[in-house]
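There's a structure below that I have some questions on.
Naming follows writing order (A, B, C and D), and every chain is counted from residue 1.
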Amino acid sequence: MQRRQPGMAISGLLRNEQTLMSLTNNRLVAKTGMPKIFRFLLANLFFLVIGIGCFSQAQAQTKAASQRLVLTGSSTLAPLAGEIARRFESLHPGVRIDVQTGGSSRGIHDVRKGIAAIGLVSRALKPDEADLQAFTIAQDGVSIIVHAGNPVITLSREQIADIYTGRITRWNVAGGTDARITVVNKAEGRSTLELFLDYLQLKNSEIKPHVIIGDNAQGIKTVIGNPHAIGYVSIGAAEYEARRGAPVRLLSLGGVEASVENVRQGIFPLSRPLNLVTSGEPQGLARQFIEFARSAQVHDLIRTQYFVPVNAD
Amino acid sequence: MNANQYADKPDAFTLGPLEEGSACCDPQPVIQVRNLSLLYDGKTALDKVTLDIYKGCITALIGPSGCGKTSFLSAINRLTDLIPGCRVTGEILVNNRDIHHPDMHVQSLRRQVGMVFQKPTPFPLSIRRNLSLPLNEHGITNKTEVAAIIGQVLRDVGLWDEVHDRLDASALSLSGGQQQRLCIARALALEPQILLMDEPCSALDPLASGVVEDLICRLRGRYTIVIVTHNLAQARRIANYAAFFWVSGRAGQLIEFGRCQHIFESPSHELTAAYVNGVRG
Amino acid sequence: MLTDKLLIGILRAGAMMAALVMLLILIFLMHESWPALSTLSIGRFMTDASWHPLEGAYNLMPMLSGTVLASAGALLLAVPLGLASALFIVFYAPLHLATLYKRLIELLSGIPSVVFGFWGLTTLVPLINQWNPPGASLLAGILVLAMMILPTVTLTAYTALAAVPDELLRNAAALGLSRWGMIKGVALPAAKTGIAAGIILAVARALGETMAVLMVAGNVVQYPETLFDPVRTLAANIALETAYAMGDHRAVLFVSGLLLLLLIMVLSGMAGLLEKQRHA
Amino acid sequence: MREITNIHTRQILRDRVVQLLVYAAVLLISMVFIWILADLVRGGIAHLSWEFLMESPRDAGRTGGIASILVSTLLILLTALLTAVPVAWTTAILLVEFVPADSPFGKTVRFSLHVLAGVPSIVFGLFGNAFFCIYLGLGFSILSGGLTLACMLLPILTSTAEAGLRAVPHAYRTSASALGLTRTAALVHLILPAAAPVLAAGLLLGIGRALAETAALLFTSGYVERMPDSLLDSGRALALHIFDLSMNVPGGDMPAYASALVLVGLLLCINTLAMKFAYGLQHRKIMT
């Protein structure tokens, strides 16, 4: 009597006794022999990787000790700074501009310590940072955003303050559908939060948030994912996503339409400068770079990042 | 420790104190093997073995290593299921029931047919847990009942005096001979009807091996024992029947089977004679 | 014998390096948090009204509870599922399916926490939001964390179970134990230490996770009453605020780093005790 | 032969229930993860192309490829492994072979590794920045990123290596020393090859963890997306690139998904290679 069962297809959900455990083969050391060519391939890969290491080492030595500039600071400013640095490098061969991130306070910390030549700070300097010099290269507005499906068109300053402090908890009070408002706030220390608090004359401890976010893109994604959410992010990011069809809408502020254009004309109440910061008077390469960053040659870059170029002198 | 009756198992063998069993006079076959062959990934390890194992007797399987003795043993309690790529053909009846029958429950088969391996392998648990785990799994969970069986079975294998004060110590702390007796005790605790032993004494020193051998003799009559051994003297001493296997053309075959005296004194097959007298193999 | 002496020398150096790294991190954390530890009294981290660093309120306890709850929840989910996967690979699956599934799990151990966070934020949070706003919550944090530590639990449990010698399992089968009887009675106890080490690694990873939790857990500093309340863990807090923290605020963030380290030390100490007590 | 008693039916039932639970768990896990992988593919496949792998990123990563980022990632991974693996494996060998299980030295090392496994990646980043970038003066560079990652990988690599070495039957060691083999010879020819698959599995877990790291590299290997010239140049890791695209650059979702797909593909190749290598090594050295 032939005992062996046909191959156990997994479709038969319950395994029968016959291939009960296939003990030894499950912990099978895959007995697949190593075909000759494979071992050859593997050896090659190994040498290739080693090769890259030495090649990049050797290349470093041969190049002249190129001039190097390190910028660290705000993550919002980093992509723009990176693009400006790329263009600057293409215009000045042999120069290396390294843009690092870590937040505005890291920029200030590194500039003071001399680790970085220029700091990227996405806000105006505070009084206790008077020892540093700030050069504004762009403006960025901050706008309130809601889900596109939310019927609310505009909100007064008082209404926003009431929503954020929890005095208004449902949308119907502000002309929307009868649903609980999800308040999205920024993490402590962020420049957009400080700007927002100044505008609403509030202290952060008064705000009753339901969700706290870090960067702008996270704020936008939270609002997109929650039809009853309200948050505030940089206009550039919000406008970019809205234009690409994301279900997010920018609310006008005090009657002024939230758009990059209005920020450029300076009529939008809520905007912040994006500064390059140095300790003392910048010299040499740092000075060259700052002048380049404030010149009209980079305005197109600034616009592609949806920031507002400062009509610099 | 008198024999304790188990209410829900009417026809169970009561363990009872072990005394010298009566030699089996009227041979009743308890295992009938009909042209059993065993293939590992297509290579035949055992070729058309037909054999009867008689109730209450000790049957020794002798022959050179690699002639399929162990495979034959593991076919009886279907341990071959665990070996991938192993095919079993032919019929094995235990108590006149085909062990490959679909509604034969493997666990109860293996409870009826206990097995002891060559290398003593106690579980990495305490001595008590080693014995209580199989009992719990087979439904005997009452504390006192389990304790009684453990005491009884440890006395049977002569281990009680050495371990009764450290039942909760790790079983791995025992010596080789003690571990093997623990494994035998573990199998006996389930009151099997048949006990398969795969060279139980080969990994032990002569002293421990002697103790195990005495134990096997005392089990005669109470249990049907099938023992694989290289030790012809041992086979001659303790076995009632002997089966001689030989490798021919890379497959193990049963050459001759008969009463122990017949096989050793007047084998009918010249291969058996040569092997038994230590000329070949 | 010279090679052995040499070998032991090298090995000792290697082991010293491992211990050295932890010491360095401890010193770094102490150094950075010293300004806060020296000026603020320890009690303030427990008793302050809330967590508003710019206004001088430095209560870390809600975040500690957030961390513990999120990690405990993730563990409750990941350990059973992880063990089930390991058992599936070693005992229940035919060979090709086992290797396939193991490859899937190895793949998932490599997915960056950012992708889990990103996926959580865009698919998981809206789903939970429909069920019970605001969506970004302790539950989302637990689910994402569980998905992240599951591969660690599975793969270490697999290695431990695969190391159980064949004879043990054959002996168990010969005693007529059913498959689950054999796994529960013999395989799991034999592989216990390996599985425990895997779980400790998973707990440590869950406590230390920053990016993914930052994106899905809502980051509101409060003691969560229900699963749907947003919560902030210590690690997420550090990631969220170091970018813009100055002075005392930055020092207190490092104090929370120290607190997390302390928590992990206590946990692995307890695990060590548990281990010794079971062996005794 | 007893008929199947009620105990056995309960046993069969229990077995079936457990088997169902295991299958359900595995199905659930596979479905969730297939869902994630499907999302990745749906989001990124359109953006994936040969140029995407060959060119350097442009416009903050929104367009162009990730060639330079791939090179930085591989270099960071290489430096991390070249430093972490020797240290971790030597520690594991010491803990298993030479140090009695309950020795204080062994316990402190194991304890410190467990604590190290719990340190948040952001703290590792800040520590790496303070120690490797500033104190050792390596600055924002692939080297400091690799070294920081090495510190993060130590716990995983050591504990899996330790488990692998413990799984090697003790008989190998006793018989090797019985034959007068030195411990080193026994290790090289017998024990390490026997543990090779588990060591490789541990390595894979470590590589997976290293490739998945973002916060730690933000402050150490840096943000620069240019092709690194040397190990002392700053280079952006792939996971960090995905983080920046998804969280910081508006409109960066598509390239983020595509980069995640490339990362998963990279991991798949490394997995198969490492396992083949481990089994190959084992076959050459010993026959299991």
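In the analysis below, a contact is a pair of C-beta atoms (placed from the backbone, for glycine too) under 8 Å apart; a residue touches a chain by one contact, two chains touch by 3 or more.
Here the structure is a predicted model, which is why all the values come from computation and not from measurement.
Visitor: What's the farthest chain from subunit C if centres are computed as the mean of the Cα atoms?
Guide: When every chain centre is compared against subunit C, the largest gap points to B.
Visitor: Once you count every C-beta pair in contact for both, which comes out on top, B-D or C-D?
Guide: Greater number of contacting C-beta pairs: C-D.
Visitor: Please work out the Cα centroid separation of subunit A and subunit B, and write it as a whole number of Å.
Guide: That gives a centre separation of 72 Å.
Visitor: List the centre-to-centre spacing of subunit B and subunit D in whole Å, with centres computed as mean CA coordinates.
Guide: So the centre of subunit B lies 48 Å away from the centre of subunit D.
Visitor: Hey, how far is the Cα centre of subunit C from the one of subunit D, in Å?
Guide: Taking the mean C-alpha position of each chain, the two centres sit 15 Å apart.
Visitor: Taking each chain's centre as the mean of its CA atoms, how far is subunit A from subunit C in angstrom?
Guide: Whole-Å distance between the two chain centres: 27.
Visitor: Note the residues in subunit A that touch 2 or more other chains, in rising order.
Guide: 15, 19-25, 30, 75, 101-102, 214, 218
Visitor: Using the touch definition from the top, which residues of subunit B touch two or more other chains?
Guide: Residues 82, 106-109, 137-138 of subunit B each touch two or more of the other chains.
Visitor: For subunit C, write out the residues touching at least two other chains, lowest number first.
Guide: In subunit C, 92-93, 162, 165, 169-170, 173, 178-179, 181, 215, 239, 242 touch at least two other chains.
Visitor: For subunit B, which residues count as touching subunit C in their complex?
Guide: The touching residues are 77, 79, 82, 106-111, 114-115, 117, 119, 121, 123-125, 133-134, 137-138, 183, 186-187, 190.
Visitor: Any idea which subunit C residues touch subunit A in the complex?
Guide: 49-50, 52-55, 57, 89-95, 97-99, 121-122, 125-126, 129, 133-136, 162, 166, 169-170, 173, 179, 214-215, 218-220, 230, 232, 239-246, 249-250
Visitor: In the complex, go through subunit D and note every residue touching subunit C.
Guide: Against subunit C, subunit D makes touches at 11-12, 14-15, 18-19, 21-23, 25-26, 28-30, 32-33, 36, 39-40, 86-91, 93-95, 98, 102, 105, 107-109, 111-124, 126-127, 130-131, 151, 154-156, 158-160, 162-164, 166-167, 169, 182-185, 187, 198, 201-202, 204-205, 207-209, 211-215, 239, 242-243, 246-247, 256, 260, 263-264, 267-268, 271.
Visitor: Inside the complex, what are the residues of subunit C that reach subunit B?
Guide: For subunit C paired with subunit B, touching residues are 165, 167-178, 181, 185-186, 189-190.
Visitor: Write out the stretch or stretches of subunit C touching subunit D in their complex.
Guide: My answer: residues 1, 3-4, 6-8, 10-15, 17-19, 21-25, 28-29, 32, 80-81, 84-85, 87-88, 92-93, 101, 103-104, 106-116, 118-119, 123, 147, 150-152, 155-156, 158-160, 162-163, 165, 178-181, 193-194, 197, 200-201, 203-205, 207-211, 215, 234-235, 238-239, 242, 254, 257, 260-261, 263-265, 267-269, 271-272, 276.
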